[in-house]
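I'd like to ask you about the structure that follows.
So that you can tell them apart, the chains are marked A, B, C and D in the order they are listed, and the count of residues begins at 1 in each.
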Amino acid sequence: MKREIWQRLGQRIVFLNLSRYLALIILFVIASLLAPGFLSLQNVMNLLRSFSFLGFISIGMTFVILSAGIDLSVASILAFSGVVLGLFQHWGIYMGHVDKLSLIFPTPYIFFSVLAIGTLLGFVNGLVITKLNIVDFAATLGMMVFARGLAFAISGGRTIFNLDDLALFMGRGMVGAIPFVAILWVSAIVVCTVILRYTIFGKNLYACGENPEAARLSGINPIFYKIAVYSISGFFAALAGICMAGRLNLGEPRVAQGWELDAIAAVVIGGTSFAGGKGGIVQTILGVVIIGVIRNILSVLGILPDPQEMIMGLVLLLAVIFGSLGTRKGSLAHV
Amino acid sequence: MKKKLLLLIGVLLLAAALLGAQGKKILIGFSHVAMNCPYYLAMDKAAKETAAAKGAEIIVLNAEEDISKQIADIESLIVKGVKGLIVNSTTEYGTMPIIKKVKAMGIPVVAIDRPLYGDYLAYVGIDQWKAGELQGELFTKKLLPAGGNIVLIIGDPGCPASIGRGNGMISILDRPENKGKYKILGTYKASYNQMLGMQKMEEAIAAFGDKIDLVYCANDSMALGALAALQNAGMTNVLVAGIDGQKEAYAEILKGGQYKSTVINNPTEITQKAVSILVDYLTKKIQPKERNVITGTVLITADNVKKVYDPNSVF
Amino acid sequence: MNQQATTLLEVRNITKSYPGVLALDNVDFQVNAGEVHCLAGENGAGKSTLIEIIGGSYSKDSGKILLHGKEVEFMSPRHAQELGIAVLHQEIPILPHLSVAENIFLSRQPVSKTRFIRYSEMYRQARRLLDTIQADIDPHTLLGDLPISKQQLVSVAKALSLEARVIIFDEPSAVLSSAELKRLFDIIKSLKKEGRGIVYISHRLEEIFEIGDRVTVLRNGKLVGTEAIEKIDRGTLIKMLVGRQIDESAGASIKVAQTKQVPALEVRGLRREGVFEDINLTVYRGEILGIYGLVGSGRTELARAIIGADRPDTGEIILEGEKMRISSPRDAIRNGICLSPEDRKSQGLFLEKSVQENICLPSLKSLRNMLFLSYSKIAKYASAFVTRLRIATPHLDQYVKYLSGGNQQKVVLAKWLGMDLKVFIFDEPTRGIDVGAKEEIRILIKKLAQEGKAIVMISSEIPEILNLSNRIAVMHEGRIEGLLQREEATREKLMAYSMGAKAQ
Amino acid sequence: MKLKANHVLADYGLYLILLVLIVISVILSPLFFSYNNIANLLTQSSFSGLLAIGMTFVILMGGIDLSVGSVVGFASILYATILHGSFFTFMPEEIFIYSGAPKLTPILPLPFDVLFVLLVGAFIGLISGFISYRFRIHSFIVTLCFMIFIRGLAVSYTHGQPLFGIPDPISFLAYGLVAKVPMPTIIWLGISLLCFLLLKFSRFGRGIYAVGGGEEAARLSGLEPAKYRIFPYIASASLAALVGIMMSGRMGCGDPKIAQGWELDAIAAVVIGGTSLSGGKGSIGGTVVGVLILGLIINIMNLLEIEAYPQQMAKGIIIVAALALHALFSRRRKR
């Protein structure tokens, strides 16, 4: 009986996705109590910026997980695109620490080509999964190792220092008081939300995610959507890569190691189900923000990185357990 | 089928043997800790050049700061039949057992840049502790005579370089006359990498904000990263100090900005020494004069930076 | 049955409630040795809950379970099995990657003294069990490779291996063709002779009357009554089931016009390696073409091939006189052919999506303002169908998985009605639906035909076929064995053809 | 006849691949067949091999365990701390505490401290397994949280410091030779054999297959899923702990930072070994071969003096290629 009450409560909470908003608000309160400056414009903007990078790949990841897939390769693609950007801006010179720029072609084109490359890698993921029918996990695991290796190989493992101003603007630029990255990110959120809620593409994507066979018999082509989502994921990874490189002012093959897991965690904390077909961008953003804020709080508390990780792990675990309460089958059904 | 296979193998082995016989060049191995900052790259370059000059063949393997990979590297170097080893050990003790094994096989080991625990032919590098002390002196005498809060960014815990450079500096702070004046706010680990240096500094800023008076990094790459982070946060009054004498660092010191000091630790020099010691020992049976070859450590500040700065140098 | 027969299992005023619903409201039920006790009731009447409780999957809220007269508490399916109760579930639980033998002896494999599994022994025992029910199945084959009907036999074998005194069949007929069903009945009869107690659940009244000794009827969680079969007739049983009188031939009142002139869909020499061969069919506007055949006779595969879900090797599909290149369901739908698949839950519907979304999915194109979907249009569109088809749902956002089978089927229909399609293919449209809903669906299908649509209806329920179709094609082993006008079609002929025996 | 050939391919294709690879390596490098090299190959495969065995259990059951790498690091440092007589005591803020010659003050006699560490490992597995089972949370997420948490824990309580000083018996586990066979290999293959027997010839083992094939089905056919769902995590975690101890022996010290990303190597090996990520299908034999294949590729590329980075790329490609072959073979079989 007692358990049922819990279940019902849980169901209501989960249904309204309230628990997460609640958690977020509580976090904000705690934070602003701990650090008076927390809600200051300055800090909020910093937070926004720090969310954005993880945020980008989380958006891509959302698409993938909605289609009942998983993409382990995002972080590697991110690093790879950063390196490519660096190389394209130091074209011809002996790779490595040179401060003289030599663009292969104007920066905007470089951006486009990097984005294209990222998308292509994602596309390859989709192709491998659908055409060679390999499980998403394994296929993207392969791409993860491959792309990271590629990033190291083309840069010879070196850090490529100094990018041009446009690239820096992507990462560091401010529009008024607002970081440019944040603007980019928020607009990406808006666009993707619209795509998912108000276009046939979105609806069909959800359908394919939940039940590919049924989708197929209703005249939808699941293969197309599979490939599409991975391409999207690749695109956002590349975008994040460009911004990250701009922020660090270097192309670094070691960047963002393990971020794919953070992104997945964010998506799941947000309440998008591994089983596919359930969830959305907004939830994901929630997850990203929650994770980011917790990290920030821990830093503000002056907790050093290592214990931070530990606490982070615990908090995530609790968050997930709480999210799973009530729903009989659990919020993240076994795939 | 099987017969054919065996035959094939036999032939190949024979051919290989012949090839081996022709190659008179002596083969040495260099198990390098990582390639993630200019310092290591310079070492890599120097090693190859010196070896070539000395008429030796060298294989450089990069452990990516993973001790278990380094052990595996050393093992595969042995398989390739190197006659001597240069090791830049990831952690001070981690390579001890494998070094013991190598020694047992009669392969001499030269430790470079980072002292390691075990029976080695020679160690070539700076006196890490002294480098730390020099910086400590500078802080207490010049930069923060009145005392202050210091953020420490080291490479890897357990890396002898970090231990020496860190403890050396701390030992000065712990002197009776400085007791209580200085506080280490936190110690961050950035594995000698500029990007990580920047990210860790950002975390430190988030944690301690304006409390920070000075950032002391175990090498210049991380210091440069930290510098970038500080500049992004607009904290231009926080002082920065590094070690190694990377030319970008010189440039910063030259500007006379918040980047105050570094200590020369010339990768090219130590690598050249190490390689020649090993090759001489192997070819001409020359025992190194002293077991610990300590290269010069000079504190570089705005006063003497002009003398050493060379924009076109490798490092 | 005679009262002095020993009661194996008795259930006394069991009550079970889920959040919101009262699934069972003190229900009594008992099974005697050597009887077949049928359990009947519309979907949601509580049949499955009852057997889940007997089978130990669910726990009861209150009430007693007596086994051989003494009270017991079933902790888990395993516990129930140990006490000699076996449930053959509707969706047969199979472990596709394990061999038949292992599925039978799972966790009870014969082991040596050193606790090592003795495979040879296991296969021998499995062989013996399968022989006792004359199932020609190799115990080494992976269960996943067997057709459903054979899987059913395997689970019967498992029940035997459990030495079960009480065996519960949950709608076995749903997955069996009549011939296979006959076989199953023989087995049941022999089990009955051995003095086991059988509980048999089915929606098909004729089966109940054929096999049953007693019947217990449930209606929304309450016990309506238990009757000896010979004491009651069809009409009263239906009354007990539905609670009201319904005329089974309501559908028949609607006459379907025979417009032979315009052929809507023609299939010429369709062939798929090892599945079906030289299929030639023509469906005319406004007619219902029934396709009858045993499970595995290739009828479902044929339907899938027509709409391009599976690629046929040769053959052409002609829609209203012009040849079609159909390589995917997508093309089929574009050209006006749709399929309501056999396996509703896993192929026809998105259970985790709302009624509205399910209905609108294929026709979203027409529900946009410029580029973007208009939710107001969608809602209007969906609610129109909900009212028109009398889909019983609290609101449009109800998840489909919470609807009854009948309403789910209606949702599947609604999906297609909205777009003007020319050919509708129904694969088992009324499988596993309760009597009332069955009729509604049939009437809907007829109405469609009246509107001049061409309809192909696959079914393994002979009465349904005879009642609805204008013409009936009977399939056997991937060939069309015979094509009958409704007038000439009889139950016997259909059976004979479906068994492959050409009637003279 | 043809059909038969396909069956052979489907069932033994993997071993075929291994054979082909061996032949190629022999042709490519004369060094390959030297005793030293083979010993190397085996030793280096053994550690990831042990992890892969545990992972096989988990994946057979239909889950995934990302925490093994962290557990290795944790076990390694925990073991060392125990040897230094400090029990779960967090190190003080100073980072350089453990430089200088060590003095071993074990709090438990030799076999027991090892046992203790193994038990701790098992306990970790128990917890993660239980949470995943009880709350119906996808094991990916649970173990992801544990991965973060345990790594944080390990690094926290010595501040990332390695702890020097490991008794000889343990180094023997890592370097010892028995009849010219490296000790780690003996342990690895020994345990593989045991697990093979467990999975093939015990009711419990078959139960794991069953639950992996379909939990509900297994339950209805009379299995109690709980133990089958939880045991694999215990196995995998305690094997990870064992690896941690052996690694300590290999390094002569406990180091909390080792084995980062090894979980993915283990998973890769398992899937290359033909165990399906959806559970219920696969074998220990396959896993062993998978490990060998990966090890072989790396080894031969080392011998050919291919740089580390291209090696990584190759690894990625191999994962995908192997799986593609699997898919191909099994599709051929279905025909």
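Heads up, the rule we're going with is that a contact is a pair of C-beta atoms (placed from the backbone, for glycine too) under 8 Å apart; a residue touches a chain by one contact, two chains touch by 3 or more.
Just so we're clear, the structure is a prediction, and the values are computed from it rather than from any experiment.
Taking the CA centroid of subunit D as reference, the farthest chain centroid is that of C. Centroids of subunit C and subunit D (each the mean of its C-alpha atoms) stand 46 Å apart.
Rounded to a whole number, the gap between the C-alpha centres of subunit A and subunit B is 35 angstrom.
Chain centres here are Cα averages; for subunit B and subunit D they lie 32 Å apart. Put simply, the C-alpha centre of subunit A and that of subunit D have 29 angstrom between them. Residue numbers of subunit C whose C-beta contacts span two or more other chains: none are found. Residue positions of subunit B touching 2 or more other chains: 62, 187, 189. Residue numbers of subunit A whose C-beta contacts span two or more other chains: 156-157.
Under the contact rule stated at the top, the pairs of chains that touch are A-B, A-C, A-D, B-D, C-D. Residues 96-97, 99, 156-159, 161, 172, 248-250, 252, 254-255, 296, 299-305 of subunit A are the ones that touch subunit B when the two sit in their complex.
Note for the complex: subunit C touches subunit D at residues 55, 57, 76-78, 81, 87, 89, 93-98, 102-103, 106-109, 111, 115-117, 158. Partner subunit A is touched in their complex by these residues of subunit D: 62-64, 66, 131, 135-138, 140-142, 144-153, 155-156, 159-160, 215, 264, 267-268, 271, 276-278, 307-320, 323-324, 327.
By the touch criterion given at the top, residues 23, 26-27, 30-31, 33-34, 36-37, 40, 43-44, 47, 93, 95-96, 99, 158-162, 164, 171, 174-175, 247, 249-253, 255, 257-260, 299, 302-303, 305, 308 of subunit D touch subunit B in their complex. Those residues of subunit A lying in contact with subunit D across their complex are 70, 72, 128, 132-135, 137-139, 141-150, 152-153, 156-157, 261, 264-265, 268, 274, 306-314, 316-317, 320-321, 324-325, 327-335.
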